[in-house]
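Here's the structure we're looking at; comments come further down.
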């Protein structure tokens, strides 16, 4: 794998890239009931010490890029180990270098606009 | 457009197809602050009388297919009208014909597995 | 990065909103082999007279909003009819009112930047 | 539809998990023209020595999990370095432990069903 030179000073100041991820793991070949596999992912994410928030179509995860994606990989491994022969996952991942914004900041910002506007 | 013949009796019994949608609208070309556009979508969805739940990376919408997708289209129209020249949206949509399951049922089912297991 | 002025009245003049959609239908509860269900969706899209392009993780569809989303609904109906009790679909949908851009324009534009840059 | 027996120990034997990823990087706050940022990602992926296939709404990437996700992270770093203050990315990732399947196998399998069926 090639190395990428990333060197603008303002980006370098924060070598850790924080992410907000929306993770939706779909095991295939295990029937229609998927909740025990999603519960397994929740356990993996909790063990990884990551802040998460379960919603009806996925799980929000906040943290540093490497820690979050190591946990996402661990979810795939755990779901395969639990018996799923195939998995398809959808991930949304947001990063920003202009300012710090948490997942709850995002919701609050929209709600203020709804009620204020 | 061709017509699709859908006729197995069990599907026909419920001509309305209920969906759980996870909607994430991203206006492009309006700078980095997107919350006022998301708030506009929330207003459009509320006006459409749909049940919604805002989360940090999208909005969960429950309802009948046509009503939900008409509202998604209205969101795109509203966001363009508000000034966004370009939009890219990610939608997850779930349907099931084996049983009725609400968005809150999905979360509850996973939580029971986490705490019970 | 600056705010683009998009005249809403200009947008209003064209009541048909063209979309580029990336559709990924995942039937659940039918085992690990999904290709016959995807093939069924391709037939539905072809019958609908839509321009499509199959890729390894979905199908690109171009057309007017209502025609495209009617066909997406018809895909869900057909996949349920074919036997899938549950479906989860991921859709990316792009619209723009600043200019006309086809799916092949998008690829060409990136390729020019790669080879030119 | 039945439960498939996947021997976890068999899965453990192959510590490298191959993935098919569909990557769609959307820089925010850089105006409406995104192709130069996508071209930058293509360069990053090529430097990483990964097999890729550009389509109108993303890029298909095949490879081993760690190599692919290291390259996805490098894309985010490169797009920020190029000037994007904010990025939202959609990733679909597929893994399977029942058999080896390439991205082109997936397309071929659907096409055979379309023409054969």
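Lettered A, B, C and D in written order, each chain numbered from 1.
Convention: a contact is a pair of C-beta atoms (placed from the backbone, for glycine too) under 8 Å apart; a residue touches a chain by one contact, two chains touch by 3 or more.
The structure presented is a predicted model; accordingly, all values stated were derived computationally and were not measured.
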| item | value |
| --- | --- |
| Contacts common to subunit A and subunit B (chain labels) | C, D |
| Longest centre-to-centre distance from subunit A, chain (CA-based) | C |
| Of A-D and A-C, whichever chain pair has more C-beta contact pairs | A-D |
| Centre distance in Å when subunit A and subunit C are each reduced to the mean of their C-alpha atoms | 25 |
| Subunit C-subunit D separation of Cα centroids, rounded to whole Å | 18 |
| Between subunit A and subunit D, centroid-to-centroid distance (C-alpha), Å | 16 |
| Residues of subunit D whose C-beta touches two or more other chains | 1-2, 4, 29, 31-32, 85-86, 88, 90, 92, 94, 96, 98 |
| Pairwise touch network: line, ring, star, complete, or other | complete |
| Interfacial residue positions of subunit C with respect to subunit B in the complex | 1-6, 8, 11-12, 17, 29, 44, 47-49, 65-67, 69-71, 73-74, 76-78, 80-81, 85-98 |
| Residues of subunit A touching subunit C in the complex | 26, 28-29, 31-32, 34, 85-86, 88, 90 |
| Subunit D to subunit C touching residues, read off their complex | 1-2, 4, 20, 22, 24, 29-32, 35-36, 38-39, 42-43, 53-58, 60, 90, 92, 94, 96, 98, 103-104, 106-107, 109-114, 117 |
